[in-house]
Structure formats: C-alpha cells, structure tokens
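Right after this note come the structures.
Note that subunit A is present in both complexes that follow, paired respectively with subunit B and with subunit C.
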Partner chain A sequence: MITFMVRRLLLGLFTVWLISMLAFAIIQLPPGDFVDSYIANLAAGGATVSADEANAMRKLYGMGQPIYVQYGKWIVRVIAGDLGESMEWRRPVAEVIGDRIWLTLLLSFAALLVTWSLALPIGIYSAVRQYSLADYVFTLVGFIGIAVPNFLLALIILYTAFRYLGMSVGGLFSAEYALAPWTWDKVKDLAWHLPLPALILALSGTAQLIRIMRANLLDELRKPYVVTARAKGLSEMRTVLKYPVRAALNPFASNIAYLFPYLVSGSIIISIVLGLPTVGPLLVRALIAQDVYLGGAIVLLLGVLTVIGTFISDLVLMWVDPRLRHQLD
Partner chain B sequence: MTNRRTFLGYATALAAVPAAEALAQAVQATGSVTQSGLVGKLEGPIPAGGPKPAKFSEAPQLAELVKAGKLPPVEQRIPAEPMVVKPVESTGKYGGTWRRAFIGPSDGENGNRIMASDKLLFWDFTGSKIVPCVAKGYEISADGKVTTLFLRKGMKWSDGHAFTADDFMFWYEDIYLNKDIVPGPIADMSAGGKPGKLVKVDETTVQFVFENPYFLFPSMLAGDTLIGGGQATRQSNGNSYAGYAPAHYLKQFLPKYSSEAEVNAKAKAAGFESWIRMLHVKKDWELNSELPTLGPWKTVTPINTPTWSMERNPFYYAVDTEGNQLPYMDKVVMTLAENIEVVNLKAMAGELDLQERHIDLQKLPVILENRDRGKYDVHLDLAFNGADTTLHVNMDFRGDELIGKLLGTADFRRALSMGIDRDQLNETFWLGLATPGSSAPAESMPESPGPEWRKKWSTLDVAAANKLLDGLGLTKKDSDGYRLRPDNGKRVVIELLAVKAFMDWPKHAEMIAQHWRKIGIYGDVKEAERGLAFGRLLKSDHHIFVWTNGGTELLYLYSSWALPTDIASGAYGIEHAKWYASNGAQGTKPSDPKMVEALELFRSAAAKQEPERNKIAQEIWKIMVDQQFTIGTCGQSPALMGVRMASRRLGNIPGRTCIAQHCRTPGSARPETWFYKA
Partner chain C sequence: MLGALFGRRKPALSQAERFAMATQLQLTWWRFKRHKVAMVSLFIVALFYVIALGADFLATTDPHATDARTSYIAPQPIHFFEADGSFSPHVYGLKGVRDPRTFKLVYTVDPSRHVAIDFFAPGYSYTFLGIPTTTHLFALRNPERGDGIFILGTDQLGRDIWSRLMVATRVSLTIGLVGVSISLFLGVLLGGISALYGGIVDTLIQRTIEVIRSMPTIPLWLGLAAALPNDWSVTQVYFSITIIISLLAWTDLARVVRGKFLALREEEFVMAAELAGASTGRIIFRHMLPSFLSHIIAAVSLALPAMIISETSLSFLGLGLRPPAISWGILLQDAQSIQSLALAPWLLAAAVPVILVILAFNFLGDGLRDAADPYG
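On to the complex of A and B.
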C-alpha cells in the first residue's frame, strides 16, 4: 500500500514536470510572441509601434532568449512560489488568478451541488423504475441535455431571461456592487446572479451523470447478490441503497480526477458566453495574447490539479471499493 | 465560436423582423440615411472664448472637502484662465456614476478617449477646426519653423501641483531624449528629416522649434498622434510621448535624480524587474491611481482589475459658462465584460448609461426594439473616412511573379474594384446604412477630391471589368469560368487576408470573392488571427489585406491605411515604406511612378500652409482613386463606434458626434459636460 502510494506520487511529480514543459512550449508555438500580438492590438486601436520600440519591449520582457533559457528561469521562479508577472494584465500572475479563483470555486461548487443532487436521485429512480413513465421522461430530457451543446443552452436561457424575465445578464454582480466592499447587499446581489449560471453549468453534467448512474445501477440490480438480498427479505430501500448503489458509485469516484481542474477553471465556453469572471476566460485570453506567464501558470495549475485529483480519486476508489484494495495485497 | 455568433445573429434577426423592416422602410422612404431619424444634427459643446464667469462653483463633495480644509477653494484650484465650455443644451447638475463596459486590459482606449481633454490642442465637434485644449492657444511663425504654445496660468495637475512649462522640458529632456525609455526619435518631432527641439520661453510658454517649415505641426498637436495624443493615451501601454509629463511626480523614478542603483532597488522592492518596468507602470494612468493627470477624471481602481473606475479630478481646468467646474458626473465605473456580446446585452438591458464602443451595428434592429425597455436613445454617428471595409493592395508582392505583376497593374485593380457589388455588401453588413464608393473621404471633408472621385472605378460594372481583364491577356478560362494564368495554366487566385476585428471582415471578403466569380477571378479568403495577420503585413507576403481605412479622412495625421509611409505596417509593401521613411536611404523605391508621385506630394505637404495642404491632399486622393491603390467598398457609416446608446436620464448629449481617429470618439463630444437630469 505504502509503496503503491509512493510510486504514484513520484509518477505524479514527473507528470507535473512534463506538463510544465509542455505548457510553456505550447503557448510559444504559434508564430510571433506577446509583443507581436500586443503591437497588433495597438495597431488595431490606431496606434503604431516602431521596430525599435518593439525590440526594446522584447528586451524588457526577456524575450529573444532561447526558449529553454526562458523556461529554466520561469520554472525556477515557479518552484520558489513566484508565478511571475502577467504581461497583458501587468500585474503578478498570482493576483490576477486570485481575483477570480474564489468566485470560480463558488460557482463550480454550486454547479456541482446541483449536478449531484439532481443526478443521483434521478439516476437511481430511473434504474429502479426502469421503463416507467417518469423514466422515459427523464431519459428524454437527459438525451436532450447531452445532445444540446451547453453553450447553446446558455444562449437560449440568457436570451429568454433577458427578453421575458428582465433579468440581468452577464457577470456575477450588478454594476453598483462590483466595486463595493463585501456587504450583505452584495452577497444578496451575488445570490441573485448565481443560480442561472450554476444551473446552466450543471445541466449538461447532470444529464450525463443520470445516464451513467442509471446504466451502472441496472447492471448491478441484475446481479445474483441483489436477488439473494431480496430473497432474504431485505427491505427494497435497503436492498438498493446499501449494496448496488454503492457499487454503482464507482464512476463518481473516478470522476474526481476531472473535477479538480474543472472546479478551478469553470466551464470555459459557458463562462465566455455568460460573461462570468472565472478563470476560464482568463486562460483563453492569455493564450490569444500569448501571455506566457499567465497562460503557463493556469495550464500548470490545471495540470497539477488533474494529477492530484487522479491521486485522490485512486484513494477514494480503494476506500469505497474493497475489491480494489484487496487486489493490492 | 463561430456557431455561437451565428446563432445570436439568427436569434436577433428573428426577434426583430418588424423593427428591421421599419428601419429599412424609413431609410428607403427618404432615400437617405441621414433622414432615418437616428442621425441627429452634428453638434457639440463649444469651448467659448467669451468672458470668464464672474464666480465659480463646484461639486458638493468637493465643497465639503474644502470646508474640512482638505482642498483649496475652487477659485484657487482652477487656472486663472480656465477653459470655458458651452454645453450642448444647458448647464448641468452635479452627481451620478457613468456606467460603462470595457473588455480587458487591452481596451485602454475605452478610457483614454473620454480623457481626451488632456490633449494640448483638439478638434471642435465638427472634427475640422482646431480649438484650444490644455494649451489656451498657439501661434505658428511666418516661416512655419516655430510653433508656440501658450499655457493656462495657474493650471494644476490632479494632485494640486502646478502645471508649467517645466513639465514640458522634463518630458523632452528626461523622457523623450532618454534612450532607455524612448529608443529613437519619432517622425512627429521632425521636419524635412531634421529632428526638432522643445524650448521653454517662460513659465507658461513653450516652443517647438524645427529647422524646416512645419505648418502641419499644430494639426499634429490636435490630432491623435504620438506628440499630440495627450498623456492618457500616449504615456500608457509602454508609450512615452505626448509632449509633457508630471515632472514633480515622475522624477523619483528616474536614475537622473538619484542613481541607477537607487531606482533599481526601489523597483525591486516594489516587485518590478527594473526601473524602466516600474516607470512604465508609474506613468500609466490606467494602472497607477497616484499619477497626476489633467483629464476630467482620474483612475481609482486600475484597468487590470475587474472594474476600472474613475473619480472626478478636483483640479480639472474647465468650467461651464456659469462657472461650474466640470465634470458634472462624479464617477465613471467600467465593468469588465468577457466578450462583446455581453456588452451589447448589458447596454440593451439599460445597465450601461452611455456606450458606443463595442456596440455592434448588426444588432441595430434589436437595439432599436429595446429602446423603451432599456430606457435609452440610439444615435447613429456617421464616420468621415471613405470605407469601413477597404481592400489594401500589396504593391510589392514578391512571392509570385505573375500575381505581383497583376497587383501592381492599375487596370487589374480597377477591374477588381468594378467587380464588387457594393450595394449588396451595404445591405448585408451595414443594414443599408453605409455609403458605397471609393476609399476617398466624405465630401464634407476639406481633403475630399470631390464627389466624382467617390464613384470613379468604384461602381459595379462587370462588363467593363471583364474587358479590362481581357485586355491584360487573361483571356483563357476554365470550365467554371475562372480566368487562367498565362504562365502555368492554373487559376488566377487572389488571396484576401482578413481578420475578424471591429467588423466581421472575413465574411465581407467571402462575399467579395463571390462577386469576383462574375469577372472570373478566384478570390481566396485567408482568415487569420489579428497578430498573425499583422505579422504577415510586416513581411508584405499578402496579396490584399481587408481592413478599414479609418483615420485617412485627415490624410496627413494618419496615413497608415492609405500610403506606404508607416514602417510599422507593410500593407502596401514594407520596402516601399522603409524607402519613404528613410528618405530613400533604405528599402526600395516603388516601381509605379504614380505611387512615387503620391508619396512625394505627401512629403511636400508638411511644409505647406493649410489651404495648399488640402489641395495637395485632394491631388493625392485623385491619384489614389484613379490608381485604386486601395479599393474602397462601403463607408461613412456608424459601424465603427457610431452606434451610440445613451440613457434617457442623460443631458447634454449631442444628436450626432464626430466619429474619427482624430476626434477621439467620444472625446470631442466632451463627456465632462454630460450629466444626469434625474
């Protein structure tokens, strides 16, 4: 058990190192660099930058050195806990991400909560009452939920909410509270803005989870141990919840690996469509502007979280499923 | 991405059919956009030259600060010779927060433009007359070599420190001439190839002295140029121009006033890599709320946070005709929108008080439909430049001998131009609100060569275009009707490099390529990300670049999208631009004598007086239109920052404002005179 964990940890570290190199290299792959896209931006706004100035800027940002030198400098600083300065935002990367990470977490948790509290009961119900009317309805809704891309759903809900309900669109705060310090009114304002994006974020995941839960549970329900349990006169509730549901939960546990990075980035496309100040749009923007330090930091963060998530999901799986634990012994 | 946009397009189109029809009818019935009811009278606040008001008053918050002893009284805060502005409608009321949206740290122009009154000279609301601004007046010597600026006595920075000629000398000697900060001299500051000087005459008088005549210089100071753009624009984003800088504040960040080691240590302590990096942040009003400025507001929370906010500058130098210190509005709060769609939706929901930037013309029907719900008025401001969508032809393409030769041939370009159905473009992309024609500016502009040059070679004439192309020996066609190259028998393919930016130019290019089928030319649209496209322009390895020609309505102030004069853009051949900029020392001379003629005319103009200069510009435009160096399609429209949504609670909002590079839209409409009626 211990050797297993140590081995996983070392492998994890190695993976993170690979991710850091890939992250840094991929962002620099497109032709040009931050200064090029910066100049293009200025040119679009009507300003011009001479070649002299561009070169001065490159020197200022330490560009023009070989990429492995830039990477080396960056990674040494990252290990020391300094993520560097975002070129586009002209602020420390940690601050730029910090601005958004709490709201992102809040939103993702809210969405997750909605997802699980809808998906689990519905999934179980659909499996236990297979081919009932309610099962058909949930199946239909579920398939629509899976088939419709969630950004489209976001647009439809956004438009409907704006057109017919007069609800505020875009962002998580009304303009008057965006600047204000945290007060009860601001919390209420946030609470008013939160449900819509949380629901949209949750819906597609919910549909998928319902399907997974239903399929897994159906498999389990047909197994001999369930028949035995029933034959022994266990109550239906106990029969279903205590054994098959527990076994069917495995995919949920293995999902944790993907959950971690998701919690931090939020759904990128939905955030862009709804104008949510989460980390997702920040990443897209950083990639477009070739802001190496910001983009690199976020990609690295997501990578590290995926690795940690995988590690934790392995542990959780072993905890919920004794069969896996015994394999190791 | 595309799907999302397309979808919203359909949604809006579906939702708004009645409004769109009404609009189309309104436009058709009158036969003129200007009578659709949405284009108001061109008007604006006037810097009144009249007598100084007898008494001054100020915003209530400032009066309280004065009472508390935290601010000097208003009479001492405004200059002895304040700028007196006559608002459009009436004297306003103090108070309120202007809610606006911006799209990120790269959107600094959003705020810079409302700070435009920190320019030395400016244009009036018509965009055609130079008016005082920070400087109360100017004088140019008879030989055109010396431009004198007269400053306002007793004018102060936003921190209360005196603003004098020393701030100009500080900028000139310690910033502009410092090679660490400004790598090389700028063209704005030289006449006839010789760099000029900045000289202090007395506390409130400075002179720009040149070795050659430079009659254009006052226009440069008023224009959106490096030298005249004002502190907000030209000392942000790593720029260090604008002619003046707050000496008393910035000295502490320069090695000259202590030592390099000391400022570097200071920079390290503040988390910057070097003193230069620190200086670029400290002199940037978008980032540094402590920086003394001259504009109506000053930054409170910087642009790199989710909300870019500003509050009034208690030392602002302008008053209204009754002596009330401007601005009327207390604050400006700009919220970060993750994308442009959100800006449009928020504006339609009435959550933004005045927004023209990032408002999409294509959404006009829905915008009109929601006017009463969102409680706003819609004003369409028409631009003066020839074409929002212009085909910029590379005159020095070397990647393919035949294509290079064709692009360099006037008849080929004329044929391409006559093969474009501008009316269809106008209906599809401008809702019929643009004026089709060449790239020459609107007839109302002093540099306009006249109405016939708006039409020349610039109306649909497939037969004539085909005749010209046949005449060039491109007579063989394939089974699809496309013309074949004489050298290798393949199709003649013309690439249209297009970027999705202010308008969806790749879509415009697609439609033009469809039109060209009828003249047998295969147009190949190459959509590129903005940075990549501009990178290609620098190497001039494109055929034709699709972009606006905004700014060219004042050719001398902004020629980048008309002629190869700008070495930062190789749209017409980077080697030609180098040749022009270096006076022939570098690059290659254009092989087309007409291009050389246009460039020489352009060079000669800076030393000429205004009437003559305008005549020369007209001559240049005649050459440009006749030669079709740039192929215009549709323009003089509200497409670029011209759809203005103004809350009905606002007063002093002009019916129509100048939208142009040099007018700093909405700067010349003087946002400091806008106010909340209720």
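On to the complex of A and C.
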C-alpha cells in the first residue's frame, strides 16, 4: 500500500511537471517577447519605460537565454510564490486570481458530491427495480445528461428560468454580497446559489456513473451468493446492500481519478455561461487578450490542484475500499 | 452472387446452419439489426452526413452575406397554399416601417406581399464535389432586397440561420471525423505497441495515458488554441484545432486496443496460428484484427460525439474555430448572453442538431458495442 501511494505521488509529481511545461509553453507561444508587449501595453496607457528598465526586466525574465534557462527561472519564481504580473489588470497574477481559484475548486467538489450522492442510490434502485417505470425515467434522464453538453444545458436552464419564471439564475452570490468581505451571511448566500451550477456540472458524470453502477450491480445480483443469502432468509435490503452493492462499487473507485479533472474542466465553460466568479471567465479572457502570465498561471494552478484533489480522493477510496488496499500489497 | 451468376444454386440452409456459416461481419450485422434504437440512430447519423455533403444545396441564402435590414427576423414559415387554396409555396416579404417614437426604420414581415418559392432554382454559386453550380433545393423567385427564406430566423447581422446551420453541420461533423481519424491512428499505434512489446515501453505508454487522463482538458485546449496565430487561414485553424483536440483524445482508443490485444493473445486460435507457423504480421492482421475490429468501430462511434462536443465547446468560448468559419459552436456563441437570447430565442437553434447527433452517436455506439461480440 505504501508502494502504491509512493507510485501515485511520483506519477502526480510527473503530471505536475508536465503541466508546468505546458503552462510555460502557453506563456511562450504567442509571437513577440513578453517585455515588448508589456512595454507597448504601458505606452498605450501613457506611461513610458526607459531602456534600462526594459533591460532589467528582460534580465529578470531571462529573455534571450536558452529556453530551458527561461523555464528554470520561471519555475523557481513560481515555487517562490511569484506568478508574474497580469498585463491586462496591471496587478500581480496572484491578486487577480484571489478567491476565484477556491470557488472553482468548491464548485467542482460540490459537483463531485452531487455526482456521488445521486449516482449511488439511483444506480442501486435502477438495478434492483430493473425495467420499472422509474428505471426507464432515470435511463432517459441519463441519456439526456450524456447527450447535452453542460454548457448547453446551462444555457437552456438560464433561458427557461428567465423566460418562464422571470428570474436570473446566474452567479454564485447575490448582488449585495458579490464584493463584500467574507461573512457568515455571505457563506449562506453562497450555499443558496451553489446547488444549481453544481447540479448542471454534475449531470453528465452522474449519468455515466449510474449506467456503470446499474450494469455492475445487475451482474452481481445474478451471482449464486445472492441467491444463497436470500435463501438463508436475509431481508431484501440486507441482501442487496451487504455484499452485491459493495462489490459493484468498483467503478466509483476507478472512475474517481478521472471524474475530478473532468469536473474542473467543465466548470470553466459553465462558469462563462452562468457568470460564476470562478477562474473560468478569467482564463478565457486572459487567453483571448494574450495576457500570458495570467493564462499560464491559471492553467498551472488548475492542473496542480486537480492532481492534489485526485491524489486525496485516491487515498480516501483506499481507506473506504479494503479490496483496493489488499490487492496492492 | 457469383454462384447465382454461374447457375449454381445454394442449398437451403436451416437457421442453425446459417448461423454457423456466417462470417463475423454478418453475425455482427444481424445482432446490430435487432437493436431498434441503434438502427434509428444509424439512420439519423447517415442523414446528418448527407446534410453535410449537400449543405450548400440545402442552404437558401449565402451563409456569409450580411444585411442590416434582416437583423433578428423571427423564424418565418413557408406557406404552401394561397388563400384560395391553390398550391403555390411562398414566404412573406419584408417592409420598412418608421418607428413612431424613434423615427428609426425597422424592417418587419409584410404578410400582404407574397414572394414565391421555386424548387431546384438558382441561388448563390458554390461548388459541389468540385463542380461549380448555382442550383439549390429551393430559392425565391424575383426577391427584392432583404427578402429571404428565414425558416429559422436571422441573427444580429441579418444572416439566415438555416443556411448557416447547414454549412455548420458540415464543418462540425467533418471535424469529428478528421479528429477521430487522428486519434484512431495514435490509439491503434500506441495501444498496439504497448500490448505487443510490453515491459518498459508498455509501462511508459500506460503512465502517459494516465497522466493525460488526469489533466483537466479544457484549460489545456484553451491555452493551446489561444496560441494559434491570429493571421492563420480558416483551413489552418481548422486542422490545428482538430489536432489539438485529438492529441488528448486518443487515450481511450489506445486502452481499448491494448485491452483487446492482450485478451486475444491468450486465445486458442492465436496459439493455433502460431503453432501452424504464421508470422507475427499475419497473426495480427489476419487472425486478431478481424476479432477486435468491431470493438474499435464501437469505440470510434463513442469517441466521435466527444470530439464534436470538444469542438463545439472551444468554438463556443471563442477559442476554437474563428469567424468567418461557421460551426455549431460558432453559431451558439451568438446565443451566449441572456440579453440576445431574450431578444432572439431562435439563436439556440444550433443546440438541436448538437443534441440529436450526440444522442444518435451514443446509441449507435452502444448498439455496435453490444453487436461487436456476436458470439457472446
């Protein structure tokens, strides 16, 4: 088990390293060097930069040196906590991102909880009551969940709520709390706004998980040990929950590592439709405006936090599922 | 068929004999035909590709032509009969009305003026499979400026959404095909190598797959797509976006190929071929490939909708294809804000083909996956 954890950790570190290279590529890819465009940007705003200052900046960012030196300098600064300067906002990247990164994670995590808490009972119900009316309804909803990309779903819900209920469902906060410092009331306001986007984000993952759970449980329920348990007079509830469900839980374990990155990914796009204050809208704007340090930093942060989130969920699952622990020894 | 040609008659076979003599492909097809939903899906998918092929023929007006007069015209039905009951397909014309308060000229539909529709009539010129032509399925007879067949209404710039949707269908569906081809190539190559060589190569490829799958894809796609130079042509952007999407999408196919490959390697018929002295190439292509070809086809038909969603999402965010290219994502981009949606809900029209195609591909893939193992 320790070896497994170490292997997971090493793989995670490797992923982080790869993501950092990609983030750096995003910073480097646009034509022209960053200092040039920074100076041009400042000049457009009326400020001037002397040649000395420009040279000092070039030196700081390692311009003109081989690419791996530039990467090295950049990664050292990032580890020290300096993510660079946002060109568009004229403020340090860390300051621009601020709370948004945590709200992104909160939204993804909430969607993860929704996925689990819906997929598990519905999957069990659909398998135990196969071909019942509710099973068909869930199957239908499941197919819609898979077929409708979540940004379209968000768009349709947004429009429907506006058109027929006359309300605007976007955002994570009411207007009066949007810029307010964190208070208990603001948290309550957030808790009130969070479920809808989390549900939209969770739908397609939930639909897939229900299908897997249902299929697995159906396979388990046909096995002789279930018949034996029933023959021995176990209550139906106990018969199902005690062994087959636990055996069928495997997909929850194996899919979780991919579910979380998937949700983080999805949160970007639905945040733009629903106007949520996550890093999504910030990232897209930064990339369109070629605000490279902001864009690169967001990609890097999202990647790293996803790896950490996945690692933690791996640990949790190992703690929950004894088979996973033992098969690895 | 040849037998019939030479006058030889096939003996009548019983059900069991037919089953025993059928090729794998026949068995798969028989099994697939029993899956009604999958058959309907196959039909829908085929229909969409026919639309993609004949997009310009089905379009009524030039999808790039803008006209301020026809801004935000609501969907206009085609009327087939005149008031006296005679058959004469037509649409209503447009007329300019001065707004009594702002004195601005606004264009509205004028039900008193009928503009007749001709079938197989000339319209804007295009090329069909390299042949220049002007024939469209239907077009207006003697239109005045601003008149058009607005089955699905128009957007802010007065472009006909129906015509744009037709052309977008072609772009979005072919992106899926091209992207899947690239993914398939990478997946079969790397999955095959992984299974064939095993050892350190296998470990390396498997870890790479795990790493790619554990990264959030949309931010990476966005970052890479944003780095494409602004002055690239529509075609260059089209292929770059396709490559960017498929670079992260081949992993599922590689896993299917590797898994099937490893499972088949243990089968008796492979060992029999080996003992009979067949070369590795012959074993793979003659004996193993037919067995997992249907699985690959099923995996591809499940990968296609994912590709289409990816392209649509990227273009929707403004970082995929760029105007003047037209795709489903670009059409939906207009529907991004609730303000324009409230004003012109018909902008959401592109959502319908997206959902329909993805649903159809999913059912089709399910049916194929069930049919892929006809002996099971």
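Keep this in mind: the second predicted complex is superposed on the first by the 209 of 329 C-alpha atoms of A that agree within 3 Å, B and C clash if a C-alpha of one lies under 4 Å from a C-alpha of the other, contacts with A are read in each partner's own complex, and residues count from 1 in each chain.
Note that a residue touches a chain if its C-beta (ideal position, glycine included) is under 8 Å from a C-beta of that chain, and two chains touch if they have at least 3 such contacts.
For clarity, every value in this text was computed on a predicted model and none was experimentally measured.
Student: So, A:Ala56: does it touch subunit B (first), subunit C (second), both, or neither?
Tutor: A:Ala56: touches subunit B, not subunit C.
Student: Touch check for A:Ile39: first (subunit B), second (subunit C), both, or neither?
Tutor: So A:Ile39 only meets subunit B here.
Student: Looking at the overlay, does A:Val307 come into contact with subunit B only (first), subunit C only (second), both, or neither?
Tutor: Touch partner of A:Val307: subunit C, not subunit B.
Student: A:Gly123 in the overlay: touching subunit B, subunit C, both, or neither? Say first, second, both or neither.
Tutor: After superposing on A, A:Gly123 lies clear of both subunit B and subunit C.
Student: Is A:Pro92 touching the first partner subunit B, the second partner subunit C, both, or neither of them?
Tutor: first
Student: With the two complexes superposed on chain A, say which partner A:Leu22 touches: subunit B (first), subunit C (second), both, or neither.
Tutor: The answer is second: A:Leu22 touches subunit C but not subunit B.
Student: Touch check for A:Val148: first (subunit B), second (subunit C), both, or neither?
Tutor: second
Student: In the overlay, answer first, second, both or neither for which of subunit B and subunit C A:Pro244 touches.
Tutor: neither
Student: Who does A:Ile288 touch here: subunit B (first), subunit C (second), both, or neither?
Tutor: Both partners.
Student: Taking the two structures together, which residues of subunit A meet both subunit B and subunit C?
Tutor: Residues common to the subunit A contacts of subunit C and of subunit B are 30-31, 149, 151-152, 155, 158-159, 162-163, 168, 170, 272-273, 288, 290, listed in rising order.
Student: What does subunit A use to touch subunit B in their complex?
Tutor: The contact residues of subunit A facing subunit B are 30-32, 36-53, 55-57, 60, 85, 88-92, 96, 99-100, 149, 151-152, 155, 158-159, 162-163, 166, 168-171, 174-176, 178-179, 271-277, 281, 285, 288-290.
Student: Which of the residues in subunit A end up touching subunit C in this complex?
Tutor: Interface residues on the subunit A side: 11-12, 14-15, 18-19, 22-23, 25-26, 29-31, 143, 146-149, 151-152, 155-156, 158-159, 162-163, 168, 170, 257-258, 261-262, 264-266, 268-269, 272-273, 283-284, 287-288, 290, 295-296, 298-299, 302-303, 306-307, 310.
Student: Taking the complex as given, what residues does subunit B use to touch subunit A?
Tutor: 3-4, 7-8, 11, 15, 97, 99, 104-106, 109, 182-184, 186, 224, 233, 237-239, 271, 273-274, 276-277, 280-281, 287, 301, 304-307, 309, 333, 335-339, 341-342, 345-346, 348-349, 351, 373, 501-502, 529-535, 550-551, 558, 560, 566-569, 661
Student: In the complex, go through subunit C and note every residue touching subunit A.
Tutor: Residues 207, 210-211, 213-220, 222-227, 229, 305, 309, 312-313, 316-319, 332, 335-336, 338, 341-342, 345, 348, 351, 354-355, 358-359, 362-363 of subunit C touch subunit A in their complex.
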